[in-house]
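Some structures are shown below for you to check.
In what follows, chain A forms one complex with chain B and a second complex with chain C.
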Partner chain A sequence: MLNRIVRLIIKEFLAVWRDPHNRFVLLVPPLVQLLIFSFAATHEVKNVQLGIYSEDHGSAARELISRFASARRTFSHVQYFQDLDDVHRAIDTQDVIAVVHIGPTFSRDLLSGTPVALQILLDGRKAYAAQVISGYMSQITDRFVGEYVAVSIDPSKPPRDAASIKLVSRAWFNSNLDSVWSTIPGLVGILTNLIALIVTSLSIAREKELGTFEQLLVSPLRPLEILIGKTTPAMVLGLGEGMAMVAIATLVFALPCAGSPLLLFGALFVSLFSTIGIGLLISSLAKTQQQAFFGAFAFLVPAILLSGFVTPVENMPAWLRWVTYLDPIYYIILIAKGILLEGMRMPTVLQLAWPMVPIGVVTLTTAGWTFRQRLE
Partner chain B sequence: MSQNLAAESQHVDVHPQRSRLRCMWGLVRKETYQMLRDPSSVGIGIALPLLLLFLFTYAISLDVRNIKLGVVCEDNSPIVNRLLASFQNNKYFMVHVARDRREVQDDLVGGRLNGVLVIPADFASRIERRSLSPLQLLVRGSDVSTAALVQNYVRGVLRHWLIQEGLNAGQRNSGEIVRIESRVWFNQEIESRAALLPGSIAVIMTLIGTLLTALVVAREWERGTMEALLATPITRMDIVLSKFVPYFILGMLAMGLVAAVSTLGLGVPLRGSLWVLIMVSATFLCSALGLGLLISSVTRNQFVASQVALIVGYLPALILSGLVFEIDSMPRLIQYLTCVMPPRYFVSALRTLFLAGNVWQVILPNTVVLLGFAAFFLTVTIQKTKMNLE
Partner chain C sequence: MASQVLISLSEVRKQFSADARPALECVTANIYGERITGLVGPDGAGKTTLIRLIAGLLDPTRGRIKVAGYDTARQVSTVHTIVSYMPQRFGLYEDLTVMENLHLYADLRGVVGKHRHETFERLLAFTGLGHFTGRLAGKLSGGMKQKLGLACALIHRPVVLLLDEPSAGVDPVSRRELWKMVNELVDEGTAVIWSTAYMDEAQRCDEVLLLNEGKLLYQGKPGDLTGQVEGQTFLIEATEDSRRQLLSKALEQPDIIDGVIQGRKVRLILKTPTTVFPALGTNVQARPTPPRFEDAFMVLLGGIPKTRISNITSHIFQKLREDSTGTRNIVVEAQDLTKCFGSFTAVDQVSFTVCRGEIFGLLGPNGAGKSTTFKMMCGLLRPTSGKAEVAGVDLTMAPAKARERLGYMAQRFSLYSDLSVHQNLEFFGGVYGLMGRRLQKTIHRMIEEFELAPFINSNAGDLPLGFKQRLAMACAIMHEPQVLFLDEPTSGVDPITRREFWIRINAMVNQGMTIMVTTHFLDEAEYCDRIAMVYQGRIIATGTPDDLKRSIPSENLPEPTLEDAFIEMIQRHERYESEGEGLRRDG
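Let's turn to the complex of A and B:
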């Protein structure tokens, strides 16, 4: 029996491996995507174009403008406008993402203690960037008021009975808040499971189309053995590439890998087990490769959207958060972050990993059951 | 059906123009039947776009809520309790109270907490003495965007609390000296969800377009029917076009459905004109379907074609299109790379069209680039559709 399974596994490996196109597709793009996406998937907002429309030439206005213009990391280019029509046009055509509008009496009012308004126009088409930039601008303005205005209005010290709080903030696990570090573990989780899904979701459907699946079913192989044969290549490929990505993460991007790599290996194994189950279930339910392909997409798209990779799970409505608990990618991202950055230990890993086991068991059992159905 | 086609091709020499059209029509009909008979492709055209629209609407949200903050109160004085209450009453925070930092700081691992604020034992006495009172905030750096938000929100609550307590001794808050009036154009009255949707529609249509055609030609090659078709007098261009037309119509229907649900049901405005929307969508669909056909004709194998489509069809469209991750903020090299991603241009065009209006300076360049992609993909597909006589 063991001999039978080994032969089947070898056959399944060859099915994936023999075609050079196929080999290339499975090996190269996932690793390249890890490199590209880790730099691309950043929520940081920088290098955007700022517009300034100042009707005031006073010293306070000049000071504020120079503070905005010197934030070079965020605002790489600054454009100055002379009238409102130009401002409108520049926002419409996306020349600038935000414009600071300083009114004609800004400096005068400020120094005489009259409250002044500072108008900020933002391009709402880039909703997220606009939100971040608006927060950043109010920080700059706050600092301007604290350091420049407060001193110019009243050069004496702040009143003696004022209390002040100093907030000392530290970021654990990633002290520089480097966004590449926080993106990579998520990509490792996603790409590893993507490979497993790609290898499995069409494998049975293809055999059905070619007619070889019937032969497999009339052979002495039992459904469980067929399942093992179909699971192994995807598992080996997934684990191999997953660990290669972990190596890239630690060696190239210098992630600390604060937890045990062995534990991460185990967690990847469990998550691959569940995705392979889902892939094989899709494949066994589909009648054609086309249907299996659609099925794979219909799983993959929600699985990645709900995993918390794009936007935090906490932002989703409560009922949708329940759906994320059925998503293997949600768990593996948390574990990968935990082990690569946070030094997560066994008990927490187990807590996060166990839900993937029933997902895998249920899907694989159902897939095996459909084999038997076909025979009757 | 194939008999029919064979019969039609016999007439080729008699009326070349008419019979060419009839051949095309026959092929289009065959492709349409094949499409309609497979329930999954109708599902892709109708059910999947709606499901995706629904998912993108709710799953991608930039409105922060439920920040899980641990607050460690090392003493129990009224002043500390009032500070604690101002966190508990804030709608953005879900507060876990602890007496000792060791109780909660391990919860940062795995994200059970996003941050821990430590109020030290001498905080109350320092506040009463009016000396500088330090607070410590630990944030979970493995989620950079949330970490930055936690820092900002905690700072905001603290500032507000000082004023509320009257501890700032008549010092004016900087907001009272310079009041910032933010005006978010194109998006003032609607929520961020509606602002994200036009971009989401672009990504959804990328998926649908690639999905529809990625296997179509590969299937014919695999079954050997492509060789048979090529042996007939039908031109390669006609073969490719006949594969293209039915899916184009289905894709446009899907686009219409998604656009209708977004504008009528989800509150997205359509400030540009409808015909521009139709024109831009048609152009984009040509490039998306063209990419699918190209994958299909290069691989000539459904298994490999679907693997390629799963890898290039989704993640690049999601990450490199500018939908959630700002392209200007990416490293220069990757910005160049996004230039060869058709979804990028569609995201930009749709956002402008829905939220801003017919701004030709934005829409025209994007449409021209998309047209270029469509022409390129379809030409290469036609080139690749030839018999291999080895």
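Let's turn to the complex of A and C:
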């Protein structure tokens, strides 16, 4: 029985490897994608047009405006408005993405200790950039409140910088606020699983198209043996490429790899186990490679969108968050980020990794059952 | 018939890629109007390429094609208005109904209004599809699909009608109807080009172009070619030897060009006519028989090289012989085998037994249930009820154990095309439990037996067709199975490859292997010891090919073919069924 499985595994490797197209598709695009996406898919927002509409000429307002205007890295141009209509027009025509509206009593209220409201108008059409900008802006205002107000009210007290501490917490794991660092672990998780998913989802479908699957089914191989034979090459390929990507991340992009690479290897193994299960399930249902490809696509797109790679999971409605908990990519991204940037340790990794095990077990069993049913 | 040249081909060559063998090489021919021109040749001969060139869908690499005076490369749009093309498959939209397909093609051809209505009425009457207009094209039988395809191609009245293998996968009854319909079209003045891999269809054409490996071997009346071998074809029979032994002896003779099994007899083509065969033994009776188109084709190809035959040994197997002594004589057994898909009963209480060393054939049109039966017998499908046993092991009780004892060779040789010849052998040997030295020795024996040495490191996908077939066979028998399952093993392959295949099968059967084969190809059925005719999920007749032929009345047909027998059996079966229904209604 072992001999049979070994032969099948060798054959699977050869089948993946001997076709030059296959070889290319499995090796080059994932690594190229890692490089391109890492450089291109930056989540930083730069060179933003900022508008300022101030109805207050007090010193506090001037100080705040100068702080916005001097944040050149983010706000490359600052436009000043005299009335609200101009503000509306500028946002409508996308001249500016955000406008700070300082009310007429801003300076007075601030100094007298009355609660102050500062209005920020954002272009909701650019939701993601707007959200990032509002973050930057609250950073600036927080610091302003911390430094300016404290100093002005009582010069003898040292400046309170509680606000700036909050900021640092954001940059803990990415101290340069370098978005490449937060992108790469996600890419490693996604691309590794993508390879395994494609290899497995196409493998049985391809054999069905060529007619060799029947040849396998009339051989003494049992469904479980076929499952093992089909799983192994995808696992080995996925792990190999995953670790290669980790190497590129640390060597080319100087990621710290704060945690144990062995732990990451283990986490990748569990995550591949679950996606391979999904891939085999797709493959056992599909009759042709085209169907299998669409199946893989139908899984991948929502899986990536829901994984938190593109949009924060916290921003999703509650019911959708539950769907996310069924998405293996969600867990591996969290783990990869955790291990590579934070030095996440075994207990946390286990806590995040265990849901992928039932996902894999359920899908693999269903796949095995499905292709036995297909015999009926 | 004084018809004029309608299509002229001058030195047409088509090469798809620089390093590949040209699909067509220097074909020069004239095709005339008002007749059926057969484009005859095995798969890979270039038939489809030639049809697509004539239809203006491909441009020739070199040479020129003119259809009714229009150049297919430069005046494509005019050519499209003259020519109708019915492709082999994919011509129909399977998810649309019969009527929707017709409407679609009418839209494409710009047939509208009252004219459309009239056309549909005419075509539905012509094809007999009137009752099925609401049925999905994908749910039609093979014959009805082809009729619908024909109707779609006839939406506008073409000058030239190109039919690419219209009879492939069509049962004999529908095949006859298709021929009748096409003959009517020719009477109305349409020129028809009918491509086929069935040699017996060539005889029905007014004129044929015989293609092999991209080369035009013959152009002219089929009878003229057949006439060239007049007097060289004989049927022989021996009292002491079995027909298989007789055939293998005969093929070793230098003056015998070709031999095939035909019922209990062996059909030979001789270099010089004679009725005495001293080399074959004393008790051989021979009588002349009229030549067939395929005989002439074999003579053109020069027969099977004798060296190939002498290399086929009679000791491929080491284990099988020892195994076969003392065991039960029945190797394959089906008992009340039934398979239902939902409410549809594909196979209905089929029973048969196959003995050791027997070639047993399941014969029937597509959709009759023969493939379903076959799949249940080799463990690819689980029967709804009934029992399937192979080599004494019940397939449902111990599937893996039963599967170890059978070999399986599918229609399209299912090899791993990206793996080398050696890797394929290693894989299939290994999966069937061979390992270590025994595996290497077996591989070595297979390479020798099937003469695969020159291709040992080539990818299986790049092998010539004949070698692909040899490799597939080697992979299927490495583990010396008790029974070998063959699914339409030689449909579409050239006659030489087919001969070689059956010579090998005969050699294996002589060593105690049992063969179970499905086919809709009647020449192949002649090789069987016994045939079960499958129709509508039931076995309607079982017997030797000769028995079946003899069982039909022969006033008009003194020597009925298997096809005649098959059609007669189907008609009898349907009469019986409708009578039965009538009785039930009356009672």
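In the analysis below, the second predicted complex is superposed on the first by the 251 of 376 C-alpha atoms of A that agree within 3 Å, B and C clash if a C-alpha of one lies under 4 Å from a C-alpha of the other, contacts with A are read in each partner's own complex, and residues count from 1 in each chain.
Heads up, the rule we're going with is that contacts are C-beta pairs under 8 Å (C-beta built on N, C-alpha and C of every residue); 3 or more make two chains touch, one makes a residue touch a chain.
Since the structure is predicted, the reported quantities are computational estimates derived from the model, not experimental observations.
When the shared chain is aligned, chain B comes close enough to touch A:298, but chain C does not.
Residue contacts after overlaying the shared chain place A:248 against neither chain B nor chain C. Within the superposed three-chain model, A:91 lies in touch with chain B and out of touch with chain C [touch as defined at top].
By the touch criterion defined above, A:220 lies against chain C but remains apart from chain B after alignment on the C-alpha atoms of chain A. If you count the residues of chain A touched by chain B and by chain C, you find the higher number for B. Of the two partner chains placed around the shared chain by superposition, neither chain B nor chain C is touched by A:111.
Contacts of A:19 after superposition: both chain B and chain C are touched. Looking at chain A, you'll find residues 19, 22 touch chain B in one structure and chain C in the other. The part of chain A that touches chain B in the complex is made up of residues 19, 21-22, 25-26, 29-30, 33, 36-37, 39-49, 91-94, 97, 110, 115-131, 134-135, 137-138, 141-142, 144-146, 149, 158-175, 177-179, 181-182, 185, 190, 194, 197-198, 201-202, 206, 209, 286, 288-298, 300-302, 304-306, 310-312, 314-317, 320, 334-335, 337-338, 341-345, 348, 351-352. Contacts from chain B toward chain A in the complex involve residues 38, 40-41, 43-44, 48, 51-52, 55-56, 58-68, 108-111, 114, 127, 130, 132-148, 151-152, 154-155, 158, 162, 167-171, 174, 176-188, 192, 195-196, 198, 207, 211, 214-215, 219, 299, 301-304, 306-316, 318-320, 324-326, 328-331, 334, 337-338, 348, 351-352, 355-356, 359, 361-362.
On the side of chain A, the complex with chain C involves touching residues 3-4, 6-8, 10-11, 14-15, 18-19, 22, 210-212, 214-222, 375-376. Taken in their complex, chain C has these residues touching chain A: 378-382, 400-401, 403-404, 406, 408, 410-412, 414-420, 423, 426-428, 430-433, 435, 459, 485.
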